[in-house]
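Chain IDs A, B, C, D, E, F, G and H follow the sequence of writing; residue 1 opens each chain.
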Amino acid sequence: MRPDQVRTLLEAVQSGTLDLTSAQRELTSALRRAPFEDLGFARVDHHRVIRQGFPEVVFGQGKTAAQIATISERIVAAGHSLLITRTNHDVFEAVRIQVPGAVFHETARLISQVTEEPEPGHGTILVVSGGTSDQPVAEEAVISAETMGNRVERLYDVGVAGIHRLLSEQERLGQARVIIAVAGMEGALASVVGGLVRAPVIAVPTSVGYGTGFGGIAALLSMLNSCATGVGVVNIDNGFGAAALASLITHA
Amino acid sequence: MRPDQVRTLLEAVQSGTLDLTSAQRELTSALRRAPFEDLGFARVDHHRVIRQGFPEVVFGQGKTAAQIATISERIVAAGHSLLITRTNHDVFEAVRIQVPGAVFHETARLISQVTEEPEPGHGTILVVSGGTSDQPVAEEAVISAETMGNRVERLYDVGVAGIHRLLSEQERLGQARVIIAVAGMEGALASVVGGLVRAPVIAVPTSVGYGTGFGGIAALLSMLNSCATGVGVVNIDNGFGAAALASLITHA
Amino acid sequence: MRPDQVRTLLEAVQSGTLDLTSAQRELTSALRRAPFEDLGFARVDHHRVIRQGFPEVVFGQGKTAAQIATISERIVAAGHSLLITRTNHDVFEAVRIQVPGAVFHETARLISQVTEEPEPGHGTILVVSGGTSDQPVAEEAVISAETMGNRVERLYDVGVAGIHRLLSEQERLGQARVIIAVAGMEGALASVVGGLVRAPVIAVPTSVGYGTGFGGIAALLSMLNSCATGVGVVNIDNGFGAAALASLITHA
Amino acid sequence: MRPDQVRTLLEAVQSGTLDLTSAQRELTSALRRAPFEDLGFARVDHHRVIRQGFPEVVFGQGKTAAQIATISERIVAAGHSLLITRTNHDVFEAVRIQVPGAVFHETARLISQVTEEPEPGHGTILVVSGGTSDQPVAEEAVISAETMGNRVERLYDVGVAGIHRLLSEQERLGQARVIIAVAGMEGALASVVGGLVRAPVIAVPTSVGYGTGFGGIAALLSMLNSCATGVGVVNIDNGFGAAALASLITHA
Amino acid sequence: MRPDQVRTLLEAVQSGTLDLTSAQRELTSALRRAPFEDLGFARVDHHRVIRQGFPEVVFGQGKTAAQIATISERIVAAGHSLLITRTNHDVFEAVRIQVPGAVFHETARLISQVTEEPEPGHGTILVVSGGTSDQPVAEEAVISAETMGNRVERLYDVGVAGIHRLLSEQERLGQARVIIAVAGMEGALASVVGGLVRAPVIAVPTSVGYGTGFGGIAALLSMLNSCATGVGVVNIDNGFGAAALASLITHA
Amino acid sequence: MRPDQVRTLLEAVQSGTLDLTSAQRELTSALRRAPFEDLGFARVDHHRVIRQGFPEVVFGQGKTAAQIATISERIVAAGHSLLITRTNHDVFEAVRIQVPGAVFHETARLISQVTEEPEPGHGTILVVSGGTSDQPVAEEAVISAETMGNRVERLYDVGVAGIHRLLSEQERLGQARVIIAVAGMEGALASVVGGLVRAPVIAVPTSVGYGTGFGGIAALLSMLNSCATGVGVVNIDNGFGAAALASLITHA
Amino acid sequence: MRPDQVRTLLEAVQSGTLDLTSAQRELTSALRRAPFEDLGFARVDHHRVIRQGFPEVVFGQGKTAAQIATISERIVAAGHSLLITRTNHDVFEAVRIQVPGAVFHETARLISQVTEEPEPGHGTILVVSGGTSDQPVAEEAVISAETMGNRVERLYDVGVAGIHRLLSEQERLGQARVIIAVAGMEGALASVVGGLVRAPVIAVPTSVGYGTGFGGIAALLSMLNSCATGVGVVNIDNGFGAAALASLITHA
Amino acid sequence: MRPDQVRTLLEAVQSGTLDLTSAQRELTSALRRAPFEDLGFARVDHHRVIRQGFPEVVFGQGKTAAQIATISERIVAAGHSLLITRTNHDVFEAVRIQVPGAVFHETARLISQVTEEPEPGHGTILVVSGGTSDQPVAEEAVISAETMGNRVERLYDVGVAGIHRLLSEQERLGQARVIIAVAGMEGALASVVGGLVRAPVIAVPTSVGYGTGFGGIAALLSMLNSCATGVGVVNIDNGFGAAALASLITHA
């Protein structure tokens, strides 16, 4: 039960449009779920929207389709928006039986449904990526950030091997409030972008590459050691995590 | 030459208080330095304040005292504030001959001088640390952030082994606009703080610990894999880097 | 041949209900197996129940179904309980031909049969887990500990990103004699639990996570570097190992 | 203020031997410290003895002698016993000015003072070590465990290269309630001991060795992968941590 | 062409049973192959039997079945014995068309054919293994060593968790001229065996295990850091390599 | 539009064979593509041939067949040669619909089409490989280098275990202008070759091997630590990268 | 004895200016040294100038001053130029007693003496470095390359955090025949330079940095995974190795 | 008490030259030491000469001079030869007070005294090293092997960068019964030697090198992945371990 739902209920009691017995029953039921709901295998955190500004997000990997569908139904039943990461089409088939309005974003491997309209963020989040192979991670960031109420722009395939592709877009870089830099291989994109702008840069190393790329470690180390200042790093391939951090900044 | 200095000069020309020859000489001299000044062993980046909102910061490690003193003199001569990281008292002795007003912060291992007043940031940066041994890194963050124009608060020794120490400070946590979480050993502080607040959390792993702490790697991995959302990570012991990122957020 | 079986036999001889020839034959046969039985590819350790309080446990991974079935048959023939870890349904099909009473625990990937009633342990073992994806490892711990004669309770999905889920269960935490903390990602659960209780905590890192989780290494390092005291660690995903250690403590 | 101190005070009030004003002042002063005391650079956790059965232990590494002396004074002033790990003679000189009764254990690198008599543990803790070079870590475990109220025995230099040295002590191994196995190099001692006893084994890898010993990693991995069951592992060289875990078991 | 073949030919010429033209043709043909034969994708080393006492062994992994069959045919055509490692049944089908007498050893994943009788080695090679899952690697060592002319004995499943299984075989251990110790998990077997005997011990770490076993690294490090002397180590799972080294020792 | 195409057009205008309107349209269209062409998911770098002497090469891994086919069509439409690495037969089926003349090199996993004749390089590039299993990487180097206009020779299966195979080819080694040394396992080939010649050696570690080969890391480290001088290293399995570097040398 | 010395001697014999006995003695003495000279602890390779175009270079680390002085004296006595790397002033004091003309380059930690004039290389080698702290490695490359007969230029402190410093020097970058890119931290310089030029780029990672820079590993991985083509990598801090490779290219 | 000493005593009793009381006292005293002697901090293994053919060797690192001197005195008092590894001159000063005949080998960092003449080994052990900096490790092997009764030869500075230095010594290589190959950097020496001979090769990686040599790991991996057969590896810098293994082979 969100704050505005509580207020609406109280106003209905005050104005006499809701009798006390019904109000009590509704509040009691909501409180039973608060601050989390125990499904045995999971404890759904219904207060996260209050603590963090966005409802609990379901990390899809390692959970069965049935578990995800059940959790999804409870989140939506509590009036919250739904976001499932690292998922696939089979899970989507199970989820949409419980949550008919859910949408599957194939490239981003996300399922989402906007139940409560998110508070809009201030300014634009620009998602910059090094190469075509980084697209799934970049899209995970884009769709996640949009679902959290942000205006998002894409600037893809601007890796530093052909740096004029990036330099020709300096104006867009300069207008963003937060930049998410997604890159695999040597991950130099974060340093170069970080040196060009005064916006905070959230760097996402991707597992794109081979050999000594070590599944994203080369890019990760590159980003952690960036000689440019103002760069924060999230886990390898963690497009969602970058979006969540960026969204906290645009909502601060 | 900062934008306001250029404007002052142009206004002086317009009002006739500065003759053209002098104005030309002054501007030419400034332009010769722009956008960087070549000292042979270093190219001082005088335009960084324009691109990034704060002048070039001198990374002290690996440079001789003489090199640092020379670079410092050029930065101050260009009208910029000075910040030197990873430094010590010997370097300070060399620097203060060139820059008499410089201050040495012993615990933080920083030298600073505020030449041009920084633009004040919005909101408070809260620096949280796990234990007493993390203090040098936490102080590096505090002094750096203050030098960049931020209001900074400290909340030290609130590691998760005695979690009531952290929980009793939830109000201060909730009021910060950005939180810098500094912790060594297992670095769990970032996850716990990240789960309690809606502010962005910048996590700084420290090299405090022993054995499998691997000089900060355990804390780093812990922070990169945080189950809380909204956490960005910087390099091990990089208090300055966290401050720079936090300051970009408060100045966005 | 267990100590009580030996005693029963000797009493039967003493009371005259068993003739010497039969007694001799039975003892000789038992001794031929002692202290281990050589199957060529395996030497079944029939004395482990004497040395360690529980019979040899079969580590299923890397053995063929036929090998496991043969070993199982010999263990049960010696009068011992059976526990097979890291196994699957195909092996179960082979085992139950030899050991009809065996039970397959799917989530825990275990096969068990209680042949001799285990000595009951003192106090409760509480298995705490961070997220839904950690369930297979947590269940391996639960079923293993129960098979060894322990009273076991579950407390699942109480990861530190929503720490109120854990704090609301402090009473159950306080009542356990031993706690097994199962967590992947950054593994901070072990530190937080360790700081809240005076029971020994056995930490099990899981391979749940991605990128820099490195298949459980991040959680492992976090647990080894726990700032809380009283935490011992077992191998990644080793729910059985944690149960065996916990059971030695409840049986001490 | 410990529970027995509270009771004594209340009884004094009840019997009239303590006036209300004095009682109030004393309790107020105690409560101001509770549950922790803020020294600016440290928050001393005065309730740890209640939560964990032993007062906060001071990890000496990375703290100045002055900081340690101040923390020590506060711990003793609160009526608690003192234990400082990873320390040296210089720190001891500073501490004993504040805490005159403190004792320095050179090999173990510990400072201790028993202010409140600890609750005695059940059974014996046996500390087994592989070689002479492991002695500092083994002694850290021995002295720590003794300070926490345990009966401790030593069995040193019984590494597996001459396994008869270990096998000849099977009786003592069999009598221990908990065994702490301290070993560097390949750390095989934990596996061999684990296979011989039914007591829980706490394995402490040491940094003794060279080359591919990698400062204790070889021993750590060996212990985590022990084919014997009932083995829990703590951080490299963490003799204190092993003692704390063992003491929780003897006090359960 | 082996030395004895050369001698036989020369004697035939001397005694007049072989005419010069035939002798010349045969020698020319042999010399064309010497010291290696270029197949384009491979250069078969026909002189290895002279340099090393055993013909070139074909490492099967990463080669196509057709390539292996061609190389095999050339080796046998040159009068040498054949040994193919890391292979499978499909390759065997291709090889036996070219080399009808070849034998496939399934557990050991080897194909062999004894074309020239190897010189017998002095003494027995004893292959000791830790557990049933180590069998494929142990068998690779056994069959390889036998093919090279050695008397080989097996002693399987004598891991240190039940050390009496190993101690009861001290006589056989003492009679071996070389011991090959095959073990995964923590690999302590090599140290314990090394401490019991005066024969050289060749340690083979296997990839048996999980989690921090890291595919054999834990066992490898354990073996390299063995506190017992007289232990040499080969690559993970390299049963063949251990046999080759052992065979050089028995043939020295 | 390549420099020679521009010149041809301008000459046509000068000689009157091309009217101004057509010329303008053609140039405008070309300029619209310059310096890169934005396909949304990719920005094709049409100026790379000018900057680096060879058109943009398509790294096939991680891109869909449709994406590769579209990029290929644009590259060829711009008059450039096509080279696709890390690809397979399915991609080839999609590409040859757009680029009918494209050729698939199966062992090398490359697709190529020579649209503009490359400038011939000076001298021969010799590709040396250690074993038959290194062939795919070696062939990737050979075909790539040929496509870039080089004369290339192969010298395969000359690993150092039978060093006479390499020493017998010293003349060919001495005649090469650049040598590409491809080797897995311990990668010693680069050091031995580097000690024999005065040509620059480009070392390519391959992922051939097992166990502690760690997918090419052993060979990589060996090559980086070569005691021979004049050795530069590229990423594991990066045959194309070695060819590109070699080709820059032959075209310098 | 160099080829031209041999020719001079033979011509002297032919023209009668040298008697046969003297000629024989001189040649015999030279041959005794050829192809190497055994000093017991070292075998000086006097033929390396013939095989590789430059005499044997002395790697100073790990050798005593006396050993280095003796080797130096033999190299110069054989008529070769001298280059000692990784050395210091104490060694220089010992060397110059034997080789009075030797010069010590302090920043580069090199000792050199040009005994025989090296063949001049074609084109310029440009040494580019990221920051002031990379200077010792960059200077090692510069002095080594000059000693080998090359024209060398420096372009220092052009790291990518202020990319305009690099872009403003595109003309010099374009004129170099080979570029040596020296950088620590994230090592992005190699990728950016590699994308701007058509000259081969030799990347030298330096150990400059801290924390996750891991003594140069971050930069090394970055360079090995460069998305730019035409980049070869040498060992961390190996300025000499880069120079040797570059010199082979300019002398090819 | 060695077997020959026991026999002498018994013969003396038999012949009446020794009275029973004295014989009993002497035997009792010897038995009290058997099989090991407990010094509190160490258990000296007096039976190792019986089990392994050579007395217990003292690993000097991590033991105090006083501890080493005490252990040494006990070993010599028991009639055994003395060998102390990883030691220095200060320890030697302490040891020679207890064991006046002890000798210090500076380069090898060993102390030795031959008390009982060792059984001579069959054949020669040849110690081959890559460079001058490997000398301390090579000498540790040489002196250790000699002390154990072996005939040892040195062949130093034959690294593969100048492979003719090694090839010119093929005869000596061919005559050795065992070869110890000592090399740092890329460690290719073991593979090349292994391919040239039929003797077993014991490879010792050294920590000589820098950067990605990682203190001997590059050489270690190279040796474990050797494409030559018949190579066994010991720990980094473990010259003594190689000698012990070689000596077991020559004494088999």
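In this text, a contact is a pair of C-beta atoms (placed from the backbone, for glycine too) under 8 Å apart; a residue touches a chain by one contact, two chains touch by 3 or more.
The structure displayed is predicted, hence computed values, not measured ones.
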item	value
Chain hops separating chain H from chain D, counting only touching neighbours	1
Same or different contact residues where chain G meets its copy chain F, judged by the half mark	same
Chain G and chain H: spacing of chain centres that average the CA atoms, whole Å	39
Mean-CA-position distance for chain D and chain A (Å)	44
Chain C and chain F: spacing of chain centres that average the CA atoms, whole Å	56
Sequence positions of chain D contacting 2 or more other chains	131, 161-162, 195-196, 211-213, 217, 220, 224-225, 229, 235
Those chain pairs that satisfy the touch definition	A-B, A-C, A-F, A-G, B-C, B-D, B-G, C-D, C-E, D-E, D-H, E-F, E-H, F-G, F-H, G-H
Of all residues in chain B, those that touch chain D in their complex	131-133, 135, 156-158, 161-162, 164-165, 168, 208, 210-213
For the chain F and chain H complex, residues of the former touching the latter	130-131, 159-163, 167, 185-188, 191-192, 194-196, 209, 211-214, 217-219, 221-229
For the chain C and chain E complex, residues of the former touching the latter	35-36, 40-43, 45, 47-48, 56, 59, 61-63, 67, 71, 86, 205, 207, 215-217, 220, 235-238
Footprint of chain E on chain H - complex, ascending	51-53, 57, 123, 177-178, 195-200, 202, 220, 224-225, 229-235, 240-241, 244-245, 248-249, 251-252
